[in-house]
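Just below sit the structures, each encoded as structure tokens.
The two complexes that follow have chain A in common; it is paired with chain B in the first and with chain C in the second.
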Partner chain A sequence: MARDLSSSAVAREPLGVRIGLRVVTIGYVVMLVGWPTTLVFKNAFGDGLSSVSDALTDPAVTSALQLTATISVIAVLINLVFGVGISLLLVRYEFWGKRVLSTLIDVPLSISPVVVGLALLLVYNGNDGWFGPTLEKLGFQIIFATPGMVMATVFVALPLVIREVVPVLQEIGDDQEQAARSLGASGIQTFRRITLPGIKWALVYGVVLSLASSLGEFGAVKIVSSNVSGETQTATLLVQAKYEGFEQTTAYSVAAVLAFAAMACLVIVSILRPKEQSS
Partner chain B sequence: MTSVAVQDPSPVGNPGTAPGAARKRRARSVGSLGGPSTLGLGVALTWFSVLVLIPLSAVIITASGGGWSEFWSIVTSTQTASAIRLTVTQAAVVTLLNVVMGTALAWVLVRDRFWGKRALDVVIDVPFALPTIVAGLVLLSLYGPQSPLGVNVASTRWAVFLALAFVTLPFVVRTTQPVLEALERDAEEAAASLGAGRLTIFRRVILPALAPAIAAGAALSFARGISEYGSLVLLSGNLPNRTEVASVRVVAYLENGNQAAAASVAAILLVVALVVIVGLDLIQRRVARRGA
Partner chain C sequence: MSIKVSGITKTYGDFVALDDVSVDLPTGQLTALLGPSGGGKSTLLRIIAGLETADGGTVTIEGTEATHLPPQKRNVGFVFQHYAAFKHMSVARNVAFGLEIRKRPKDEIRRRVDELLELVHLSQFADRLPAQLSGGQRQRMALARALAVEPTVLLLDEPFGALDAKVRKELREWLRRLHDEVQVTTVFVTHDQEEALEVADEIVVINEGRVEQVGTPDQLYDAPANDFVMSFLGPTTEIDGVLYRPHDIEVFTHPGIAGSIPARIVRELRVGFEVRLTVELLDAAHEEITVTVTRAHQRSLGLRSDLDVWLAPTHGAVVPIMEPVETATA
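The block that comes next holds the complex of A and B.
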């Protein structure tokens, strides 16, 4: 376009400014994020592969990684179902208190994980919690057990699916859903054939982001977990315990596994996003 | 267009959420909840209450259980007051840094072209994805006792600053970047043709357009800074009165079995988070109204 050609002279800053900004910003990101992150992998593999594999086959470590994986999968599934449900309600229906609900949904994003843990503890602990003693009499232990850790993880990652799905639902509108319904499709059919394909990519991002967040949850889980090695110790809790117990290679190895999983999630999202935008 | 005449189903008018086309569509189909969707709303609200609303109310109620004077004496006790002061000042300083560096980064990512830009774009998201405890470990390995640079900030206030700068890095970049991308260059060109210098153009044309996005990013960054816990556990040493932040104080109170005191500090964090969320909502609504 002709306008672009003529504007390029105006829009480009002098070379000195550009190079200067480039150096400062790249230097900042490398020193703050890039270099330290690579060091974790170096520290993990510094003593050779065998010490890493020793560390990762330690029963406490495998059980922690398994627990983290289990909790994360359950939490992601719960957030997926409720995320889609709440998104549909927020976009397609009108009800009293909707604005408040849609604002409150974002609360977990800016709240301290420690506050999340404490909040759950106050309600569900078996001694003096609001519901805890009753639930324990019925045989459900929540705090210091897996359900509490799942709840903490779900709480922290709650808005991620919703924030991805809501804008897409708003954008695609409901003309096709209306058409399908007027042609006699049931609610479930309409959802499966029309709505779901439309929000497919948003769901994938939401799931990947929730997964990354769930795998790495620390503060909230720490408070509601009894942190017993081999039982209720997740991978992130184990990293802290091992580092403070001077088992640094183990700490760095598990941290490297978690960092690798987080990076994988990032790369998946960054590969998927442009594809969706161009289509 | 015929459907516009249909009465607006939302009595409150719902400002900000349904501009233009969305409102038209909405007016046609969004109505009363049917059977299955009412059930769905009930289930969703129950779950949201059980998971989020009731527990958060429990924090506020427990904090206020002993009355105002007890709450006040807890949060003004030397150790807690200094933890809150440290948290707020460090979060504020880091937010200022993010406003400058985040805007610069967004500018470099949008307006500059160089090899490795895409990698830079991905690396900026690392603090979002990395587990916070790993973030602490990551920073310890470059700025801790075994630093290859010989810089050891572990257990000092610099550690708090560093950890907060790490975890809040993406916020301003990610809110500002899309706005800068969408910014028309016409106004800049007009200003340049009228003889404005680059600094003037930046200050008078670009900055005002970016201001709401930068403000939103700053608010998110401040909220995150205030509430940070995981990355500080290993890095800051949690020394009372020196490097102990508010979240760590909450955990310390809990470990001593003092739930009421923990809830009091947590209530402050909760209120700050709510203020930020409402503030963001207002910024976004104002921007949406201006754009419409």
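The block that comes next holds the complex of A and C.
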């Protein structure tokens, strides 16, 4: 009897149920994710490698990819700094409005990126936005320029670092930080030598997720970009423009580059994960 | 006076953790802050360390007004109940931390770390990570780490609380010897009266945010200031409103001893060398009290359930200083 109880419930499911569950799960993922993604690559390389390399060396494409890379890197850096700051604030300090802040951070997860774009437009546009005209007089253009697109991307990827770091900070507690303080370390020294190594892997994971999400951001950027080819057209915007302009190979090639970058991010994460557990 | 705490008050919302606490902890001694959980002793220790700020009152460490100093400026060593080991650093790096922060020369750090690891018997584990050590080893590492910076005072917050009974006993003997060797002013928090009685030079009993009594282990045990101190330091039983130690009551199998009280044995519980007798007093209230006798004593008198006996406090029995006077008038 005792032996029967100790074996897990899952293992005791009838064979048919187990196989059925596997087929359904695998089928679901293949039909929804695997197959469509494969087709993107297939279409990109359908006309041969040379047409892909032609497509990817088109100045409009290289400029779009560069812009996407620039925006993503800036957005990730901003989210990294503020993400760590906000996480520390949320975990280590008690203050009025903490729960409101915590809820606000999740807003980008639930709100449509298009709404984010419109909201930024309302505040920062150069004609009748709240800050837009003033900033434009001072020589800063936000909307229809890189700063606006960076802001949109930062907004959408905001929770990713925080949601990775907060649970780890909670788990490691503040004992080690207090010990460091009592041993003479200043706040900055404690952060650099104790806190940062403790949340290192969570940060890496959060950054990779943010990067993947930033590379693929479309909706919010679409609203705040003027979508001028070679100037304010990001890779995702270019994919849509090229697709609608019947330049299928270019569209698929760039889409494949984006998909590849996102997958590379995920592979990096899955390689990093076991290290995190064993440490 | 090494640490002078005066008028410290600390509240968390409605909860009063410390209520106007003043206490002097002498230089070079090993002092225990003893009391029940939630009584405020850990809070007091953390306020001395600067890890917590008091709502009112002052802390002076070796003549330096420290009330508003941040922890890193107080030169205290702090040891946490759950070790607070720096998980990503080797044992040697953990111990070296305070010295590295102070930018001491590399060879000096190495020498000092070697010395300290020798002192806490962890030399062969210098390159391990804390996760590869047992609880007792981790706590010894934490102690070495705290001692590395040559603190003015060493503060230990329930240092052995997370360890199993055997290791706990070993470590507290070791702490006593270590203190005799290092002679640094040490304050440790504990809720274990045996630990306090065994290790400390002086004990401060804290309960519900107040200091109940300060004294040497003998003073506290022999002359407890009140019922609380008496009952916290060991088992007690009550006759006519006066607390006695169960082993301070003598059992006679015949009447005629002056002042003896007739009673009947209800139950007996044998624990190792001692026998705990539950005895019903044959007075109007029929109170049940506990009396402890040795196994040999029980055998020689033939003490067993349903036997009529006569009880009298041993000559020189310990009672709280204040209580007999108050109850006599009541």
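Just so it is clear, the second predicted complex is superposed on the first by the 269 of 279 C-alpha atoms of A that agree within 3 Å, B and C clash if a C-alpha of one lies under 4 Å from a C-alpha of the other, contacts with A are read in each partner's own complex, and residues count from 1 in each chain.
The criterion applied here is as follows: a residue touches a chain if its C-beta (ideal position, glycine included) is under 8 Å from a C-beta of that chain, and two chains touch if they have at least 3 such contacts.
Bear in mind the structure is a predicted one, so any value in this text is a computation, not a measurement.
A.B. asks: Of the two partner chains, chain B (first) and chain C (second), which one does A:Y28 touch, if any: first, second, both, or neither?
C.D. replies: The first partner, chain B, only.
A.B. asks: For A:Q189, using the defined touch cut-off, is the partner it touches chain B, chain C, both, or neither? Pick first, second, both or neither.
C.D. replies: The answer is second: A:Q189 touches chain C but not chain B.
A.B. asks: Just checking: does A:Q178 make contact with chain B only, chain C only, both, or neither of them? Give me first, second, both or neither.
C.D. replies: Touch partners of A:Q178: chain B and chain C.
A.B. asks: Identify the partner contact of A:P197: answer first if only chain B is touched, second if only chain C is, both if each is, neither if none is.
C.D. replies: A:P197: touches chain C, not chain B.
A.B. asks: Going by the touch definition up top, name the partner, chain B or chain C, that contacts more of chain A.
C.D. replies: If we count touched residues of chain A for both partners, the winner is B.
A.B. asks: Examine A:T103 and indicate which partner it touches, taking first as chain B and second as chain C; both and neither are also allowed.
C.D. replies: first
A.B. asks: Quick check for you: in the superposed arrangement, does A:L158 touch first (chain B), second (chain C), both or neither?
C.D. replies: In the superposed model, A:L158 contacts chain B only, not chain C.
A.B. asks: Based on the A-chain superposition described above, do chain B and chain C contact any of the same residues on chain A, and if so which?
C.D. replies: 175, 178
A.B. asks: Can you list the chain A residues touching chain C in their complex?
C.D. replies: 172, 175-176, 178-186, 189, 193-194, 197-198, 279
A.B. asks: Show which residues of chain B lie in contact with chain A when the two form their complex.
C.D. replies: 9-10, 12, 14, 17, 21-22, 25-26, 28-33, 36-37, 40-41, 43-45, 47-48, 51-56, 58-59, 62, 101, 104-105, 107-108, 111-112, 114, 120-134, 137-139, 141-143, 148, 162, 165-166, 169, 185, 188-189, 192-193, 198, 220, 223-224, 226-230, 233-234, 246-247, 250-251, 254, 259, 262-263, 266, 269-270, 273-274, 276-278, 280-281
A.B. asks: Considering the complex alone, what residue numbers of chain A touch chain B?
C.D. replies: So the residues of chain A in touch with chain B come to 7, 10-14, 17-18, 21-22, 24-26, 28-29, 31-37, 39-40, 42-43, 82, 85-86, 88-89, 92-95, 98-99, 101-116, 118-124, 130, 151, 154-155, 158, 170, 173-175, 178, 187, 212, 215-219, 222-223, 236, 239-240, 243-244, 251-252, 255, 258-259, 262-263, 265-267, 270.
A.B. asks: Which of the residues in chain C end up touching chain A in this complex?
C.D. replies: Within the complex, chain C touches chain A at residues 49-51, 70-72, 74-78, 80, 82-88, 97-98, 101-102, 142, 145-146, 148-149.
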